[in-house]
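Paired with chain B in one complex and with chain C in the other, chain A is shared by the two complexes that follow.
Entry: the complex of A and B
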């Protein structure tokens, strides 16, 4: 038995294709950081005073983490998930107390020149604990209790991150809802979510303008949206009254009433929140994404520069180290969240498409990898990894190409930063380790 | 419920997002060049290579206008790093406040955050040498060489013209020009702007990661600068200088033209100024001073002042009358001083003597014959309309009321009143010869410029034709003038009729003539004096002439404002100019001294 286990958990069973994609991302990402952060006074890529030099250290550390992780028994992550979760959550508490404030958020532990961002690690803890909970309870999220427990596991660290405040990182926690969907959470969640996004966008767009209504004069455009919803409700009601058999009518009337009331209330509150609750710069970012007019000049600077930089690449790209926009640092701190714009400028459409394609490939491979797991723990965790990558791809690349608001989260393996690189490496390699020993695990 | 199937929902979502993002990349990068263009506008620097402006020489090869390199200190705001402002201010000799204002202007000027804009203009080479040594410490600042005009002869300010920065209106009208470009604003600089400016070159570069400026797209978009064309002007620098000297302390002008070619030998407008005043950083200040000067030095009297023609006009009247057959050279008319005043002792002159005596009743009679003819004695009003039309056409033939086709910018055309003019003034059929007879002696509504009067002298010198007066004889060294200056404009007047007029002009300068002071030994000068009434102030003294009588080499018109009788002041100036041009020496220093000492500025 012991002999058998050793044989089945060998590192040689690691999914090498994923490892190769990982290595490519890390090395290619590093090359692009070098290009984006290039300082001609420090041309050496190993110059540790520069971002690319530091990233090299993070890469070495990440490789060590990856190798070590591959040699830890998968069972460890299952058994100790609560402690890992607890440890990372504790860090989130600590960072609020002793953390260093950078750009208005208390998100960093400062260690000299280097900083650690615990929010990048907490997703691993959440993923492991969520997997453990689902696997051990067999939860299918049919009951309020299971939903609440899962919500607590996700919500506690998310709430701590929101206190920093770091809205971007919190948004990536939406990944876990996708995971829960796979494990049984009603699909209505996705439809509701999609509906909320559509209605939210409509409310913001209509709320940005004002319309001259008869009798009441100039009013926020949101009222027009609510008027349309009301009209839809009336048409629907007329349809039901005339074409549906009477005994089926009653529940439908309730649905219509709920739809009209809920969507009106939702539109109104979205518009209210955007106008009165959100801080000015958040409102501006949303407006910029939706191409709505922004009052303050320069509010759309980052978004505009990112789009120009991407567009500058053309089909074939300007060539490595030759992107005029990248080399002139038009996008501020391009080596962090906006690194994809450097890739797209210097490597062009084919380069950008390759990276997006490889991410999609990696995510689908992880989903398939998750599905082939014998243990539910491994499967759920696998989905967590896939969905976290997906959320980062969705938000980060969307932001660079102007399809999502400016939300500062890193592009996995590409963006400069030790915490994110180490965090994503650990996240991925735990899954690779679990996958490597899947044959030895019996349900 | 088949939960395993849900994996495909998730895979589908991921794939759809992937495809949407790729399509978005396609739309940003491939299907439009909107974003590429924006990137070029931002990141690529357009380095303009200014060609040096063409030099201008005089007809004998002396340099009239040359160039001097100066430097504009430019700033590219986005490349500026925090720097030691006090050291910088000391270096460029500015106060910190001034620097702050200039930098702020450079940043806030629309769309220049990404384009270099000048903060200090026209730094002289020695000043710039000191600055450039230190400039490496201040990224974002650099020197842009520019050329300024220099006028080594210090003469011919209005004729040569000046150069200044283009105005916003010019940029809007003419897409060649950009903010900060120089353009010719007057004289030859303006008339030959396209030839002189050359062609601006442009180089597109961006700073690569080694800090080296590299060509965008391998230099395929670049264009090289073409140097401005050199010009040979028609003027004789020494004659021009001499004319300016003779006209010192006077208001007025001298126009000298070579009759056979229409080349302007000198174009003096007095008072004049050193053209170097309107160059460089002092330009703005000096321009204000000159434009406020009561003597109006910026007003080109030779081409823009419009005077009544005075007695000299009798020459054109004579030729017209001979051609239309109103008179013959032998026609005598009584000097009837009851109708119009006259002077001197004569009573019944023929044409030649009437010109010599400038007999007013004679020319009143001449014009009456021209205008009324013998068409219809019953209706003087209709006669006058027909006659004046004929007369006006002849006057236009002499170049009056036209710009003469000259290359000098902003010339005035003067006025030859015709039927339309008097109809408007008096009403149709409300005027007859008796209403307009003062035209006959060069008074009344007619207006001419000194350039036109000199051209009249050329026509008589050539016995019937002229070439449009022009200021450039070679475009490019060894080149030709503009095509229109190779054409002779022939007047519809028989050459034989000029003989009497020329003879009369010779007598004007001869013993007892009104232009006696223009007489020269060994050179036969033909001239005509004139006085332009200028109530209530002193008359303007006018003289036109050409010399020598046969095969004339120079024709002149000389105006001295408020100097009185033309023969007293303008005739000797003309003769000194002829002497200077033909002999290069002055035989009678007393004559010269008398002119140099005269001062009519405060008449």
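Entry: the complex of A and C
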């Protein structure tokens, strides 16, 4: 009898392995925040005036959130997903009005010393609502209508975040496209997206230089790229004209024309946006990532420092609290978005690999978890959680090691910050709750 | 169905994508951290910021008496950034006078040449042109005041680079032992203590500035460099100087190929002097070329006879009084002749064992060894090994070879002839230092100590490590054997011994052994080419120092150890005897006695009137023995005993133990000019007490 209530709630079926990984991340992350933010005047890890002391409060709050979440009926998240989505989206609107500006972005609600960043929570709302929509409509994204609805669900909060502006957080919303792919969205969209990225990079790289053309003199390098596209178009056209049966030629001519025109327009607009629309520091960050020369001295400081710090760790690491780059604060605000550099310096390649490996383990476990769900809602939500973690891991670690531009997004559970820790905790534990009661759900 | 499969495939695609991308991240981390590839290094070249290694100043090597043997001194290099933003018109107006200044300072280039050099840098667009190298601090200060340069780095483009240069203030003194500090093939102490001397390199974040120079971003270090430790060598500069000079004189006089001299403290194994001189084939002069003393294995010849007779004595097979017939100076072993040095004068006839050693009879030694060990040669080898002479000394300087000594009679090369050859120091090889250690062990009553070259390691002026004597063998033979050996070695200096005339007039007693060995070159013994050696210790009654001198291939016609090598020993012993207070007991040095006995009181010697007033004032009971104007004082527990000190007219008084006031009073009263150093009581006086004042009116007294 005593256990009956628990049995009904399903808490005893919680996936404890995931919980253990979560606890490890939180505690190990806290240790590394302590190391990265260490201040000789405040050696106590519970000193609430310091980042590590504050993080301790966030950890306690997050644990409470986690426990509470486990005791909420899974059906609640399904039924109330639209309200949860609405609530977090409202916060995004409010933050634009009453938020406090930090580093040029209106992304925070300031409460005394503490701040709340609603964008860290809005992903939960998007994940839940997207799951609900797909589950209830059986959408396979074959029709434009379903695609548009999904795009609206994702795009509305993303647009609000872009207004803050916080490009980094918006980028993580790409995670939902992966989810839609799993649920039926054509792979061509992904390929098209990937192609756009490659072509975009090519445009930026070629646009950064200039080339001396015959007759017209010095022109932007983008012209060379367009010339190559044109050449490819002509070769393709010649091929079609000579080797394809006449009745099939016409649609192919249209495709060729579209390809050449769209590519040219795309590379022009990319290089125009980079040169004229993006702010100077964004442009610099992209240039730094692509190893292009940057005019302003020190623009590559963060990136170089982070790479030097990772390199300083070597194979075995410098030892906890002994990383020279970490202890001497060469990486600005290392305890937030650059926390992985502290891990890599003090714990070395093995420590860094362990963390990445555990993240991959967590993500794959989440995907497995998603695949074993009877309810489509739970499955889609599971994919959302896994893909969000993946995007964060990819962009954050990629940024530290110079694979991605410097975009301020946190490493889940590791980076200092209450909003992100609480947000990720909620995100994860909703899934754990859904998973725990999966057997009591009938299709 | 198809749709289901499609969905499942998509799930796998997502899986695969995640795995592949994660692997890519890990690979990138690996490339950043684990593989410092060529490409990464090239990339690092272009980094604007980099962690650079900062090397601390290398520690010094100091002699035991506090002189610098090796130190790093700063020197500077002047470079010029020809593309710096300087005033072109001003530059053109000053370049002539600047070139002239450079030329006057260095003298290695004319003003025109300097001008061409500077102008050339502009043409080459060189941003880091070396103008002058190896200048010292004073010269640097002068250059900083030169026209144009004085505008400063940013307005002139002149850059001063500080470097360190290793120098030996005492030049070639013990140069091979102090060692060479260079990138490769370091030698001596510089090599042995390289890690300690170099300290720990630090790390600093640096920024690349114009001209490819790395400049610190701030004064802070990521890892603070740790200065190298100072090494206090056991070498005493004064003794080293004597050893070097005396050895050089002998080598020149006898036109020898090389020679070495080692002076070692008996009890501790501290090497106080080690001179290695080899003839430069081009100039004919002598310089520290190789560390013969520790690295040159040679056949010891007669000096080995000590070990041979020791073996016989220690096994109780012979006594010093046992006799042997050495005949007419020639004896045949297995058909090969063995001669004594006076074979042409008819030989020594019948000798006791002691006499055999004293006259260094080959035949006598060989016959004793043969008599004792002919049946069991292995026992002889075992005995020799038990003395420790078959093993390396494991000194911390590199280059010590293994001694060559048969360990089994089945070893390659052993023949019927080997026993008698070995007995007189052939078919076996040792370095001079290894030979010395055996004699040192006798002097040290059987304790076989390891030679030490470093006595202390200091860090920031504080001693962090002291070298304790290392005892390799506690007791190499019976006590009785040791006193027998000592007796034989003392006999060498007495009438009839091979070195009886060398120390005849010396006030101290020496024990030792001469050696004159044939030189074996490319497998055969060379006619009339010898290696002379002398090894021993002194004072014989209470040995404090042991010493070996080896002179290789003297070509002056004189080649006996007593004539060629022993004089170097004598000069060293004379120097020690004359400068070290412990050897003098004309009037007991009561202060040192008191200190040695750890009495609570220390008192000066000097004017009795003054001292007695002080003692009375302090209520210290005084036992006076024979009142006198000048007294020595000896402190006992709670009381002081005085003894008179005699001061004679026109003779230099003994002022040791006195305060400065009394010492100056006494010495100037005798008409001497006094120079004093230090504070406390007089520890040393440069003119010995009792000498005529007239002969040397200048005196230096050291107080401590």
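Criterion: the second predicted complex is superposed on the first by the 435 of 443 C-alpha atoms of A that agree within 3 Å, B and C clash if a C-alpha of one lies under 4 Å from a C-alpha of the other, contacts with A are read in each partner's own complex, and residues count from 1 in each chain.
One rule holds for everything that comes next: a contact is a pair of C-beta atoms (placed from the backbone, for glycine too) under 8 Å apart; a residue touches a chain by one contact, two chains touch by 3 or more.
Not measured: the values here are computed from a predicted model.
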Partner chain in contact with A:38 - chain B first, chain C second, else both or neither: first
Contacts of A:284 with chain B and chain C, given as first, second, both or neither: neither
Which superposed partner A:301 touches (first chain B, second chain C, both, neither): second
Touching partner for A:337 - first (chain B), second (chain C), both, neither: neither
Which of chain B and chain C A:437 touches, first, second, both or neither: neither
Partner chain(s) touched by A:328 [first = chain B, second = chain C, both, neither]: both
Partner chain in contact with A:349 - chain B first, chain C second, else both or neither: both
Which of chain B and chain C A:120 touches, first, second, both or neither: neither
Overlap of chain C and chain B interfaces on chain A (superposed complexes): 140, 178, 181-184, 187, 307-308, 310-315, 324-325, 328, 330, 344, 348-349, 352-353, 356-357, 359-360, 363-364, 367, 371, 383, 387, 390, 393-394, 397-398, 401-403
Sites on chain A touched by chain C in the complex: 140, 178, 181-184, 187, 297-298, 300-301, 304-305, 307-308, 310-315, 324-325, 328, 330, 344, 348-349, 352-353, 356-357, 359-360, 363-364, 367, 371, 383, 387, 390, 393-394, 397-398, 401-403
In the complex with chain A, residue positions of chain C that touch it: 3, 7, 10-11, 13-15, 17-19, 21-22, 24-26, 28-30, 32-34, 47-51, 203, 205, 220, 222-223
Parts of chain A lying in touch with chain B, wherever the complex brings them together: 35, 38, 40, 43, 140, 178, 181-184, 187, 190, 307-315, 321-322, 324-325, 327-328, 330, 344-345, 348-349, 352-353, 356-357, 359-360, 363-364, 367-368, 370-371, 383, 386-387, 390, 393-394, 397-398, 401-403
Complex contact set, residues of chain B against chain A: 1, 3-4, 6-7, 9-11, 13-15, 17-18, 20-22, 24-26, 28-30, 32, 34-36, 38-40, 42-44, 78, 206-211, 214, 216
